[in-house]
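Here it is, the structure in full.
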Amino acid sequence: MSQTPLTELDFEPIGGEIGLDPESKRKKTTYWKDVWRNFKKNKAAFVSLFVIALLILLVLIGPGMNPFDYRTNDYSVINFPPDSVHWFGTDTMGRDIWTRVWEGGRVSLLIALLGTLFPELIGMAIGGISGYFGGKVDMVIMRMIDVLMGIPSLIYMILLMLVFGSGNIVTLIIAISITGWMGAARSTRGLVLQLKGRDFVVASKTLGGSAGWIILRRLIPNILGYRVVSITMSIPSVIFYEAFLSYIGLGVTPPVPSWGQLIKSAGENFRYYPYQFIIPCMMVGITMLSFNLVGDGLRDALDPRLRT
Amino acid sequence: MSDKILEVRDLQVTFDMFQGSVQAVRGVSWYLNRKETIGIVGESGCGKSVTIKTAIGLNPKSSGSVKGGEVLFEGTDILSLSEKEIRSILGNRMSMIFQDPFTFLNPTMTVGRQIMEVYLQHHPVSHREAREKALNILRIISFPNPEENMKRYPHQLSGGMRQRIMIAMALICDPAVLFADEPTTALDVTIQAQIVDLMNSLKDKLDTSIVLITHDMGVVAKMVDRVYVMYAGKIVEHGDAVTIFHHPRHPYTWGLLESVPRLDERTQEALPSIPGMPPDLIAPPKGCPFAARCRYAMSVCSRQEPEAYTLPEEGHWSACYLCHPDYIRLHGEKEWRSDQDV
Amino acid sequence: MAKYILQKVLIAIATVFVLATATFFMMKLIPGDPFASLTTKIQVQEKQRIYYGLDKPVVEQYFIYMGNLLRGNLGYSIKKVGRTVVDIIAEAFPVSAKLGLISFIIAEMIGYLFGILCAQFRGKWPDYLLMIFAVLGIAMPSMVIGPLLRWLLGVVLRILPVTGWGSVQQIIMPAFVLGLGTIAGNTRAMRASMLSTMTQDYVMTARAKGLPLWKVVLHHEFKNSLVPLIANLGPGIAGIMMGSFVVESMFLIPGLGRYFVDSITNLDYPLIMGLTIFYGTFLVTLNLLVDVLYGFIDPRIRETVKGAAK
């Protein structure tokens, strides 16, 4: 037994004085801090975020960094390899590739951004209405989505591009928006159905909030949190769509460059002028890679089950 | 060979988390005799099932690790065995019944195959012989319609039937030691009683020693010979079942006993439960881990940890200053004075 | 189960109907006239319009068109004179199907294998290596990886032919380019699915049985991880099909994808319409099969779908 005998003093009752809930010794943390900490831990995702920032910066200032513009042909410098004047070389019409790559980046990234944003907004609106009102409205909308989703959006996209006439950034974004909203709608509807029963929505309803107000102020902010991963992940697929449509001749028309357009036109003489092809390819690759990695990192960071 | 078939000596297990190392098991010792049933009781999170799972390598190595101690099975320390050697014991000489028959059965494999799989792994027999053996064990546990039901998938069976499948899987190789980790918790009350009766009848039929891990003192009362009460990664009281139920000496054990529903008393009152939360084992308290929740806490309790104080009954000890010889000398023996006294 | 299948069949039929109708009216809206030409006389152009039925009112044209569709008649190609769309499909589809099927099956299997390896070695070098490959595979569309491989294997190393169709060597490169995305996607999907399966309670049961790792992985983890991936089969097939547009044009393979791209470039409207409807119907049918397969493989899903459909 113990060395020193215990005395009356040691046996002084102190029941209840210590307190029932011991102060936790764990580090304090909030949800978003936790998400950010987990995201930062994912090196690839963190680096990718910087790469994306750098790409956006170059796309904005790149074309202005040298004296050339993207459409003036200069037949004295046809197919020059990269040097100190033309940093990325020149193409078959003597245009500066550095300028064209960043100018094309503007087009591709703009299409990617708007082509992700618009379908998301359309999808959220339709899915929100479907989930919020339920009943017949929901039934009709969901069956419609079932039908539309049966065929890959690319087929509709090709048809729409034929109708609208290709070669135009606006028509491309419209076609992508018309064909891409179904997934977002379905997912939003599911989330709305989940959220509808939650206390804070029920409270707003009881207090007389209008449907529009509840959707706008209560549901959408909550849904955006869930949707942020798929929004990030759909940027690379829109970039892919742009490249694909350009490849089959339905993208933006020359001389306006886009990455898909640059890849297509350089792919023909790839053997002789590999730099003309590889540079835009790398841009597409790096962009798709970065957004994918950021999306992965976000998903892992948001999913508490995967946390360690 | 000693009578102890399984002995755990001073086992320590920690889990590494972002917030720090959780000391889930902090120097636990217990033993199991041949043909005996012991109960390890405590609230969830007290470390009772982690002790077992980590010892036999069921917890992923990445998170939990054994920091010290021995687990002697028939005299050999299984912590020193290779993975392959442990595999030859698992499911064969030592097997486990898990808590939740809804999640612990593979949803895409017929239950018959899930039972046969164990036997085929440990015996060089044909498929037919394994099937016979599985049918045999299902008959022993009086499983309805064994031939038919062996072809079914888990989701097509009721909870009680699934738990019987788990039992059949655990018993098909005639294990020397059977761990039952909360075997009745996920079931409803009538099924619980059936499963307890079944396991009691199996104790007589088979030559198996059982370690029952539970928080349910009611189940303990019906099944076990000896009881270890575990709290915050430590054993706080030990004694045979009669002693623990009639002369418990640790306030935590009193709390557990008070929270058992009783059918012989009509009461309008809510079932009492132990107030408060177990301590955070990332930084275990200096004194008695239960002091913060204990209505008998004394000044010494928060200062230094109590040791195991031997009590008059055979094998009975309690890690509480109320059982300290000096306390007894000054204040006499503190017995459980509950209106629910057994 | 019957109700589940019936529901899926009805949706499939509606999808094909909507697609056929949409295709028809969109074609009517397209600006540009396929017969407009400076070299043919106006009278000849008129005759051509009458020959192709383009002089009738649009609604009438629609009903004629739908009636023909039901009889399996997709009309004539405008640019490939004298050939019906059905002829072209009959000739070119087997080529596409062969290439697509080979590449799809191999890509699915490799993807699953890689995914399992990643999950088993989570956080170690095989995981990193395969994930880098998978992420690159997703980030490298076929129009990028195709020319690179043709240059490397065909021009620099000279081990595989750069174009053409027929021999085994000619299949390897296009099949790889076509399947790369599927391999990458499946690696990631299988890895994620395996990682969540590995934490399931029944895996602990399997390990408590004393089974060796490979049995735990194969019998308990793999099959359960596969179930959610069946839903990816449909989009996977669609992805291969889209890829075939690029790959077949790039490797000069006489498949349907190349005809489709050519028909778009040539504004061969009946061919575009026919192929769109054919592709749509084909995919809808395959998706229907996948849905039904899903119901058979996992009886729990069948039951929940039945419950949800009420």
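Going in written order, the chains are labelled A, B and C, and every chain counts its residues from 1.
Rule of thumb we're sticking to: a residue touches a chain if its C-beta (ideal position, glycine included) is under 8 Å from a C-beta of that chain, and two chains touch if they have at least 3 such contacts.
Not measured: the values here are computed from a predicted model.
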Checklist entry - Does the chain-touch network form a line, ring, star, complete graph or other? => result complete
Checklist outcome for this item: If you tally C-beta contacts per chain pair, the winner is A-C
Next on the checklist: Please identify the chain lying most centrally, where each chain is represented by the average of its Cα atoms.
Outcome noted: A
Checklist entry - Taking each chain's centre as the mean position of its Cα atoms, how many Å separate chain A from chain B? => result 49
Checklist outcome for this item: Taking each chain's centre as the mean of its CA atoms, chain B sits from chain C at a distance in Å of 54
Checklist entry - Can you give the whole-Å distance between the Cα centres of chain A and chain C? => result 24
Checklist entry - Which chain C residues qualify as touching chain B in the complex? => result 200-202, 204-212, 215, 219-220, 223-224, 227, 298-300
Next on the checklist: Applying the document's contact rule, which stretches of chain A touch chain B when the two form their complex?
Outcome noted: 1-2, 5-22, 24-27, 307-308
Item to check | Of chain C, residues touching chain A in the complex | outcome: 11-12, 14-15, 18-19, 22-23, 26-27, 29-31, 135-136, 138-141, 143-144, 147-148, 151, 155, 195-196, 235, 238, 241-242, 245-246, 249, 261, 264-265, 272, 276, 279-280, 283-284, 287
Item to check | Of chain B, residues touching chain A in the complex | outcome: 17-20, 275-277, 279-280, 282-283, 285, 291-303, 307, 309, 321, 324-327, 330-331
Checklist entry - Which bits of chain A are touching chain C when the two form their complex? => result 143, 146-148, 150-152, 154-156, 158-160, 162-163, 165, 236, 240, 243-244, 247-250, 260, 263-264, 267, 270-271, 274, 277, 281, 284-286, 288-289, 292-293, 305-306
